[in-house]
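Each structure below is given as structure tokens.
Common to both upcoming complexes is chain A, partnered first by chain B, then by chain C.
Right after this comes the complex of A and B.
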């Protein structure tokens, strides 16, 4: 009898329950555990907090609430693919995999499933060619533009010539770390500098050989494509051999507070590239504090707000949210599908007019996405670490890459991918 | 040519020093394997846990703060005090002893007389458990060790070698400290195992569990002692490696560097761990130096980089072919 009553109550409850509300689902393939947790956590927090802000401040996007579905990858490619498979059926609008390895695996899957992928500053560089990679977007910058921005910065530091200079590349010995090599070799040929390649095996805790070689060969500059513990060890080893920190430049994944703080004052002057601003001097951060952190709704304890990787996660969320708005306008519906989201990304315009109302004006460069160009302008700036105040400072404006070198490489690589996978050009 | 000889010598000396750092990790494995026949997969995580606990205690961090805040809606992070390094080290050693006792009570006690593979699997579980507990207790952010360990170029050696050879050798002060600590550890462990009652009991257990039990030695007590010492060594290894990179979860991966050392030096020899580490260290650094040099490239038409990880294992495997028990390991005798 009791059981019958309970069953009746359950049915009545289900009938009285409010109808299912539409939600904009954003899977977050995060890594809060494992060897890269220290970097994965602030990125995931930034992403989640911005989506919370949209719900709390604006009532969602176009009146539809956002929902972040987090799935822990531990930075493992296999787990990343599992996360994709387990969340794509939840109405996923877009994936930002936070890993080049996972991105490579998801490109064919997501394309077949008509779900777009956004890889801001990582992933497959030649995906910038939207003609071939219909569902992959890697704006506003990629590894090849990063390499070119670094060289252009060094050119500006050396009166426009790098002739006879020696540049060493210390890189993570993986697909990610090897990405800039081709570009740097082409640029070395063009500008007459010599390039020494120094791979570091995963995880990068032991780099004595590489830094002894740098001490012997005394390159003028060292560039770094590192991640995780490799960054901290490299910066410490550079300090140990008294390599001038202002001649040591990391890619944007080697330029967070996590990378420099362990070396203490020795890291002072270290430089890194970035494709967005540092710090909290933008109106959106006041909103994050008011609507998310102070309201007790932050994904973390709020201590990461304004750090490089938190800002990057937030920026990724903002780009996705702006693409949703474009898709909603294009289709005249608020509850969009992943296919509409793809179209939204392809017609995204980031300008002062879009950035100012949402508190991001000046946070990152303006750009326009098109069917052909999924990579944006590739602008990057240089930031420098001040160890005494524990802050990054932007020391340049956003610098343009040398597309005359990069575009042929993008075209060549994407053409090879298209031929291998029988992909017809998608743009007219 | 003289230049290359000097560079090679520098690489070899640095290899010796790096090898000592590997040995610090390998020592913990040896102790536990020697006393209980368990290959402790969790040794690397113990190094991470020890270092995390040391920084947490020193900085007055509230353990499980994230969990407490999530459950009770509070915002507590720190106790508000900072401990001197010595006090923090003593308290951390206490935590590692407590950890050893818990491992014995909750894990090993229930697995007496099980196959070695079962015990090995249990330590895999222990590793994952400890990694999770470490994350919950102290958080996953990178922590900076503040023990006053000096790092970087040793100016005295640099100046002296420059005067002698016209080229200053780079030796890291941290590596020198690690070498001194390793020597002290080996001497202390040798004295402990040779001259103390507990040490002799430990050796008896290592030789024959059943015989040791029959003369009244408490196997469970010895296991607690061994795991506590291994915990202390893990703490030392965690501190030395953490001083370079900050204390972070990738510290647990230092076990990858200890495995070839164990294969080469033997799983049951304390001096073997040290000498094995040095051979691996020198071997991998010299090999990397040779195959990445321009004269190697001129001669063979190619160069190689990032060889250290795989070369250490290749070197260990070569030794294994001739001495399966490692250089100093106990000879394997199977009675049929």
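Right after this comes the complex of A and C.
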């Protein structure tokens, strides 16, 4: 019986491993099932649709067609590993796993296999130090800059001082949720606010005790690092205890339509960070509508176009596509390898000149990647939810993080990683 | 016609009580070993190792461990995930504290540490049984996961609470870390599986195993005939936890390379292993392997068929996969409540008589 199974597996494996010629392969480790599907689906749709758009409108990138290979992870690290192993042989150029846990798995593996990882706004923060993490890129923003942006926003709301204020952090009790703690502790010391930590265990449906504690301690502000069903529950619980919504700020992963709509009018005024613009007010969306959705080629049912997470998936695809263009120019070949892709990412420049022709002008801040800095500037803006019109509105400009606090933390954490794994600095 | 004892003469006691009394079984076993040791390492690639064979081998060790406790000694445990976490974190602390220690010794020491923790959480089994014991071990599961999340010492104060395995070698081949080759990782796990399965088989058919089974079948009667329940139950907890700790250490160090406790060793892992032994067969070594294959290999196979070969949308494939696995579990339990191993036993019995069943 076992032999039969193995034989069948071999057949299936052989079918998977058939060679692909002259295609730019972008594996998409997505999750359209499980407790995080509500958030995973729009991101995967955005990523796939933008790649489809490139094929339909431009005939691929530099004349080579793109191909998205989707693999369902269910946000589980074990399935993530299986997906990585099953797709890396197909000529994968880059991984965007959309999971901090899977990112941690892939950092050493992908570095050994010479395949770059791009984690836009998630993953391991200290990977911003390109000197140590040669194959990991986390531009344009990461959790530590996010935490700092949130605190800077609160500073500006409070006339420049948070002395004596109480801030609570409600976080997913995993690598993802724990990331900002160190930065927030450093910032609490610097600005004199007190920080209360409230972990929520996976998957986050049960948060009664955390919100009871918030009701008892009455913090001035609540920050949230949540994902999936945890976001919806937290916003509902906050509404239940009548916590003022405009004092409740989520990270960019806790600020999508799926998170606030279930709470209805009670979610009005909820704030979240973002590192790119919201809405469909950009020329690229007209193209998406024309070439992808109307042509019936949309991933999923096409209902997610223009939502926060769809835009983020699209943004991630755009950054990867631009890096491909850089790599093609650098090497003079159209069909690039993963190693060339890495160099392309490291020399990526996102400016008005790159954004305008592809219809992204004003979608996100400009930045430059270098060998030392894989993290970008870390700018973030605050958006607010309007429950009556069901729209997000940007209420601030892009805010700078406090790098004087973050940079030493990045250097310390990456130095520890380099020492643990005997990594020599790659930049000279 | 060929599958029978006739003509296979046993002239010593050792021959008479061997694990595979039938020649055909014996040859099949030797062939399997030869293929596993001499063929697979040369053809294995990263995908086969990381997605199929290594998880199968590691889950086999875990289900062997739980089968000793639940299948042979009758003590229901829902703490498997927590005990695997103990093995993983013990391996991590040992690897980072003693960089020169051989990885094989680290894995075995992690098992030993888990055995000690297992005995500690096994103490309530002396007073409580059945469902109540299940709840007590459930408490162990949640306590251990909380412990490894709460105290930063366990993950060396890293910012994210993730632990990641540094590179370690065995006979000059890397078996942990990112650049470890597929054959090296596979062979390392295979040797441990073979060794532990051999230990389990010989423990369960010897004096200790018989006393476990006596306690399982009726603890009062066992006590009356002179089986010491304290010693018996605690040895079962110790041996079982040792196996599970080794599985946890391998799961972390060899298979995943980086884990966080809540995600990798949550309550769902405890249930997964429990389902493995129930489907495979309680109180059966073969059943442990069959159960692990059922719940580890079958999902991968179904996924490759549906999403890979048939080209279905991946979310649909993922949902159908759950439906099929669930249906097969129910079907197995309805048709053969004693697990697939019992099905195999019945088939063997029938084969011996074939083609003259009367």
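One rule holds in what follows: the second predicted complex is superposed on the first by the 407 of 428 C-alpha atoms of A that agree within 3 Å, B and C clash if a C-alpha of one lies under 4 Å from a C-alpha of the other, contacts with A are read in each partner's own complex, and residues count from 1 in each chain.
The working rule: a residue touches a chain if its C-beta (ideal position, glycine included) is under 8 Å from a C-beta of that chain, and two chains touch if they have at least 3 such contacts.
All of these numbers come straight from a predicted model, not from anything done at the bench.
Visitor: Superpose on chain A as described above, then tell me if chain B and chain C fit or clash.
Guide: Here chain B and chain C cannot both sit on chain A without a clash.
Visitor: Would you check which partner chain A:376 touches, where first means chain B only, second means chain C only, and both and neither mean what they say?
Guide: A:376 sits against neither chain B nor chain C.
Visitor: In the superposed arrangement, which partner chain does A:344 touch: chain B (first), chain C (second), both, or neither?
Guide: After superposition on chain A, A:344 lies in contact with neither partner.
Visitor: By residue count, which of the two partners contacts chain A more extensively, chain B or chain C?
Guide: Counting residues of chain A touched by each partner, the higher count goes to C.
Visitor: Figure out whether A:226 sits in contact with chain B (first) or chain C (second), or with both, or with neither.
Guide: After superposition on chain A, A:226 lies in contact with neither partner.
Visitor: Touching A:32 in the superposition: chain B (first), chain C (second), both, neither?
Guide: both
Visitor: Look at A:121 in the shared chain and tell me whether it touches chain B only, chain C only, both, or neither; answer first, second, both or neither.
Guide: A:121 contacts neither chain B nor chain C.
Visitor: Is A:255 touching anything from chain B or chain C once the two structures are fitted on A? First, second, both or neither.
Guide: So A:255 meets neither chain B nor chain C here.
Visitor: Please indicate which partner A:72 is in contact with in the superposed arrangement: first for chain B, second for chain C, both, or neither.
Guide: second
Visitor: Touching A:421 in the superposition: chain B (first), chain C (second), both, neither?
Guide: second
Visitor: Taking the superposition on A as described, I'd like to know which of chain B and chain C A:199 touches: first, second, both or neither.
Guide: Touch partners of A:199: chain B and chain C.
Visitor: Enumerate the residues of chain A that count as touching chain B in its complex and touching chain C in the other.
Guide: On chain A, the residues that contact chain B in one structure and chain C in the other are 32-33, 37, 41, 173, 199, 201-202.
Visitor: Okay, in this complex, where on chain C does chain A touch?
Guide: That would be residues 45-48, 50-52, 55, 96, 149, 158-162, 164, 166-167, 177-179, 255-260, 262-264, 266, 290, 293, 297-298, 300-301, 303-305, 307-309, 314-315, 317-319 of chain C.
Visitor: Within their complex, state which residues of chain B touch chain A.
Guide: Of all residues in chain B, those touching chain A are 7, 10-11, 14-15, 18, 66, 69, 73, 75, 77, 131-132, 135, 140-142, 144, 151-153, 170, 172, 241, 244-246, 248-254, 257, 285, 288-289, 292, 305-306, 308-309.
Visitor: Which residues of chain A touch chain B once you look at their complex with the stated criterion?
Guide: 32-38, 41, 173, 197-203, 205-206, 208-209, 212-213, 215-216, 228-229, 232-233, 236, 239-242, 258, 261-262, 264, 266, 296, 301
Visitor: Given the complex with chain C, which residues does chain A contribute to the contact?
Guide: Interface residues on the chain A side: 2, 5, 8-9, 11-13, 15-16, 30, 32-33, 37, 41, 70-72, 74, 76-78, 81-82, 85-86, 88-89, 100-101, 104-105, 107-109, 111-112, 124-126, 173-176, 178-179, 181-182, 199, 201-202, 409, 413, 416, 420-421.
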